[in-house]
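The same chain A turns up in both complexes below, where it pairs with chain B and then with chain C.
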Partner chain A sequence: MDLKEKIVSSYVAFEDGVNINSDIHEIRTDAFQQFEKLGFPSKKLEAWKYTSLNAILKEDYSIFPDNEKSINLADVKQYFIHDIDTYKVIFIDGKYSSFLSETTHDSIDVCLMSSALTKAKYKPIIENYFNKIAKQDNLTSLNTAFSKEGAYIHIPKNTEVEKPIQIINFTTGTEAATMLQPRNLIVVEQNAHVQIIERHQSLTENAVFTNVVTEIYADRHSTVDVYKIQNDHISASLVDNTFIEQQSESIVSVHTFSFGGNITRNNLNFYQRGEHIDSILKGITIIEGKQHVDHHTLVHHIEPNCESHQDYKGIFDERSTGVFNGKVIVEKEAQKTNAYQKNNNILVSDKSTINAKPQLEIFADDVKCSHGCTIGQLDEEALFYMQQRGIGIKEARALLMYAFANTVLESVKIPEVKDRITKLIANKLNVNIGFNI
Partner chain B sequence: MYLKSQANSIKNMLKIENLKASVDDKSILKGLNLQVNAGEVHAIMGPNGAGKSTLANIIAGKEEYEVNQGTIELNGEDISELAPEERAHIGVFLSFQYPVEIPGVSVTNFIKTAINENRKAKGLEEMPAKNMLKMIREKSELLEIDRKFLSRSLNEGFSGGEKKRNEIFQMAMLEPKLAILDETDSGLDIDALRIVANGVNKLKSKDNAVIVITHYQRLLDYIVPDFVHVLHDGKIVKTGDASLALELEAKGYDWIKEEVIS
Partner chain C sequence: MSKYTEDDLREELKTKEYEYGFYTDIESETFAKGLNEDVVRAISKKKNEPEWMTDWRIEAFRVWSKMKEPEWANVSYKKPEFQEIAYYSAPKQKPKLNSIDEVDPDLLATFEKLGISLEEQKRLANVAVDIVIDSVSVATTFKKTLGEKGIIFMPMSEAIQEHPELIKKYLGTVIPTSDNFYAALNSAVFSDGSFCYIPKGVRCPMELSTYFRINEGGTGQFERTLVVADEGSFVSYLEGCTAPSRDENQLHAAVVELIALDDAEIKYSTVQNWYPGNSEGKGGVYNFVTKRGLCETNAKISWTQVETGSAITWKYPSCILKGNNSVGEFYSIAVTNNYQQADTGTKMIHLGKNTKSTIISKGISAGKSQNSYRGLVQINSRAENARNFSQCDSLLMGNKCGAHTFPYIEVKNKTAQVEHEATTSKIGEEQLFYCNQRGIDTEKAIALIVNGFSKEVLNKLPMEFAVEAQKLLEISLEGSVG
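Up next, the complex of A and B:
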């Protein structure tokens, strides 16, 4: 039985665990139909031309991992940003872990999607925001059909959330192969500010396929900063579907750090529904072996006087492959748009590949849109220069690569996150030198 | 210990014998001999294309040059198989003719990394931050370097003079045994030239040696050489004292070429 068939035929079993006489379930079953019609994306689709899921779809995934498994904090502490106080919404094999979490209902809601989807008090927010901007494409529909658990975050107006919120999905590998469909909703009202750190982490070498959907609504004059740390085991694959709707004068930034995993696909979509909006999309990808990371970004400029800034850096070693597809749409009404896109890549090995494709669709006539894409190798002259000063070749290469990626780190606002990413980069580049550049 | 250091001081610091080298199968050095002792300053002069920069790069270990024959010894050890960083660790420093720009790495952090990598190679602990600061302060004063300059990305957007001054700053920080200055005077105005030369002179000691590669006699007014060598067509064809530089300045190189032919 192929995976699609298996998923479709297990849906009735999934329905046992949810209220089927609810509006939410209507949404789920509509999405189920959509997925049944579309199936998994194939390379025939333009958007999936350079990323094939075939290899990971062959696994016999357990679709609803059922065992409650507990894990010791000491064993997973390293995956937290633990040197600062944070809220935590933690899942183990798709199930909420109250032991590892620190949620709150004190003026803000940082809690569970399973509560939000079932309890009356959350109904107004769910009705207004759940599944409103998520696309109806294959994988998002699949997630919606199985949407049941994830993080639910609601920040009322004029609230500055002091502590960042960490959302971590652990997989324990009790099943030979696990498939997860986490579903997050983040609603940030006027004038509020929140910082989110998101991570997916398997704890064994067993196969994992995570298909996560996150919807973020940023109301007028709000600020939302999202940091996605993708440093999973080589046996774990991730499709991250993130949809962000912004109202006037809001600022939303998403930093995506992709160092680990087997196949990683980021579908990051911004919709600007007001004026004077700033959307910031940044990424550092450092991969090797046969790893594959695909960044598909979309910024939809709908109203005038808005900005978007994209800066993606990629370093590809051995046989790794990368994709950057950055789509910017500027509608006719969106005059005075300033859309900026940069994508720089270093191919460390002659067997590594990057497919880079900027896609600009501009219908307004008074706009500033720029894009720049480079693909290069490490500068041999610079390497010799550094070696001449006594810096070993390995460290010299690492320092050059770090310096190359560094511009993306400058905009990280949480020092502990910046520090962690710096360490992950040093670790990934297999060097131990002081990188406080 | 005493005997060993005495023995070392008698030996040549750098000894190059019958060096033949090529790049892309083009023969550039054609049997070069050079001996430099600790405490000495040597100037290497010569027309364009004589092989001056090639010699500097080969001593530093640049890979694109192929050594076909001959030996390069530093303190009695053959260094021709060593990687560039290993040569740096035993005290070879090359001030580049064209210093490379490295965006994203500040001058300070680059030199810190370099110093600590050198210390690591010698089995030493990292230099304490306090000592490092003090040293940076002293050496930047010596070369009249503006503090703000130290936080800028290495060589990025530096003027020609700033790049060269930064090279000598790094040399001052690393305290090499053998410093090779490859056309350090080019791109310097007279004030910068004086500052750079002053820096080099202050760093000179009986334990280290300097090779100054230059086209012009100008720099040698400030850094007075013990020996002047003329490099022509891949060989040292004439050696003299500081007065040879003045003679070259007055007469050009043609008479040397003629002398070689005859």
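Up next, the complex of A and C:
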């Protein structure tokens, strides 16, 4: 039985655990039919031309992991940004872990999707926002069909959330192979400000396939910063579908740091529904082995006077493959748009591959749009210069690579996250220097 | 030219719809509409072709009939009805010509209208022209002069008779019959085209040129061009196209193959001015062309194109950089106005070491047109030190048109250096104002600015073409101001 069949036949079992007479369930059922029709994406689809999921779809995933498992904080502390106080929404094998979490209902809601979907108190928000911008494509539909648990964050008007929110999904790997479908909803009202750190982490070598969907609404004048840290085991694959809708004068930034995992696919979609919006998409990818990271971005400029900035850096070693597929659409009403897209890559090994497809689709004339894409190597002369001054070749390379990626790190607003990423980069490049520059 | 004033230009722009839209009443022989194996055989027989050629066509036809039309391009149009097209149309009086004096005076008058006075070109421009009307080659000039150098430049149909060994060796090697839908169709039904062979070490003393024209209604034009530059040779090749204004859509599915052997260089320039349809988007030529060149060691192929015509353009002149140190270049200006749609670009396939490619693409869209650049740069794992530079600039006039960029970059070698940049902008108000202040009216100012925008590509065209191309740009953008 292939994975699709297995998923389809397990839907009945899933329905046992949810209220099938709710409006939400209608959305789920529609999405389920959509997935049943479309199936998993194949390389024949233009959007999946460079990324094949075939290898990971072969695993025999358990779709509903068994009962709650507990893990010791000491074992997983390293995966938290622990040196600052944060709210935490933690899941273990898709189930909420109250022990590790720190949620709140005090003026803001940082809690669970499962309660938001069922409790009457959240109904207006859910009705207005749930599954409104998520695409109807195959994997998003699959997630919608099984949407039940995840993080629910609601920040009311004029609220500046005093500490960042961490959303972490752990998999214990007690099952041979686990499939997870977390569903997050983040609603940020006018003038509010929030910072979110998202991470997926498996704790053993067993296969994991996570298909996560996050919807973010940024109302007028709001600011949302999202940091996605992807440094999972080589056995874990991730399809991250993020949909962001912005209203006038809001600023949303998403930083994606991809260092680990087997196949990682980031579908990042921005829809600008107001004027004077700024959208920031940045990413650093450093991978090796047979890892595969695919950044698939879309910025849809619908209204005039908006900006978008994309900056993706990639370093690819051994047999790894990188994909960058960026698309900017400027509608004809969206005059005075400034859209920038930049993608720079370094291939370290002869066996590594980069496939880039930076696209522009422009229907308005009074716009400034540009994209740049480069693929190159480290400057031999700069390496030589540093070696002359007693810096080892490995460290010299690492320094240059760090400098290469630094334009992305510069805009990280939480110092502790920046430190953590810096350490991860040093670790990834196998050097023991602090890059305190 | 000196008496040509701005007023003349304004008048010209006002009245000008499509200059080349006349229809020449030359008696021609046209096959009944439709396509099947018998038609393919009939074309082959008509051409007196040897058996191997007939078989080749039939093979292509069988492949084609199993293929589906490609739909990935960013264009929308009513698909041509392939059984409604006449696949062979030839001017009836087709004399075997040795000199220009023997050409039918009516035909000569046609060329006069087109602005290609054969006589004049012979004397002044030093261009050898092969003229193809409705897929049949009607005149090849300068044959003798070229013959002395051992250069073969003749209609494809004659080449099949006279140089079967060369045709057999090279035809379909760069673009196999099964390459794509339109290439397969072309292979099955092509009626004529040009063949050019430059022997070892010869530098072709003049520009070679082919002029294409669709004359008869309800026909498609399927010509096939093959240029082979043997070791160490050089040739510059020009291609021009026009068609009469008709309400129906006409199909043009050509195949151009270039082969540059070791140390050879081919420069291939096109000024494409097929009928683009009227200002409501009715009629016009569907231009579905496959062009590809193969570079052996140290060889160089340079494509330059100015695309102003066609209702739909679907064209990707490509280079396969097979040999070490080979160079591929692509310079393109694509102008779309009214309801025109263009999806054009290039493919640079780097296979050899130290291969270099340059892509400069300028897209100008006005009216309600859509203009897309679609390109592929592929660096294979054995292509050490490959280098690519791509630049795609788009200029938009008005907010009813669109400019799109779809570059594909695939790199499998760490020593590769690939740069791609694209920008989209409009003509600055300040620039226009500056020109206006100095007494240059807006229409003329736009022509000036567009010319400047396109300069990098126009500079690559041979002199005779550059003038024509510049004028074409102005005409194509007529009425796009404001």
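Criterion: the second predicted complex is superposed on the first by the 437 of 437 C-alpha atoms of A that agree within 3 Å, B and C clash if a C-alpha of one lies under 4 Å from a C-alpha of the other, contacts with A are read in each partner's own complex, and residues count from 1 in each chain.
Keep in mind that, in the parts below, a residue touches a chain if its C-beta (ideal position, glycine included) is under 8 Å from a C-beta of that chain, and two chains touch if they have at least 3 such contacts.
In this text the structure is predicted, and so the values were computed from the model without any measurement.
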First, second, both or neither for A:N355, with chain B first and chain C second: second
Which superposed partner A:T407 touches (first chain B, second chain C, both, neither): first
Touched partner set for A:C369, first chain B, second chain C, both or neither: second
Chain A residues touched by each partner, larger count belonging to chain B or chain C: C
First (chain B), second (chain C), both or neither touched by A:T174: neither
Contacts of A:T204 with chain B and chain C, given as first, second, both or neither: neither
First, second, both or neither for A:N305, with chain B first and chain C second: neither
Partner chain in contact with A:F384 - chain B first, chain C second, else both or neither: first
Chain A-facing residues of chain B, complex: 60-63, 83-85, 87-89, 92-94, 96, 99-106, 109-118, 121, 126, 170, 174
Residue ranges of chain A touching chain B (in the complex, touch as defined): 379, 381-382, 384-393, 395-396, 399-400, 402-404, 406-407, 433-434, 436-437
In the complex, chain C residues that touch chain A: 72, 379, 381, 394, 396-426
Chain C-facing residues of chain A, complex: 46, 332, 335, 345, 347-377
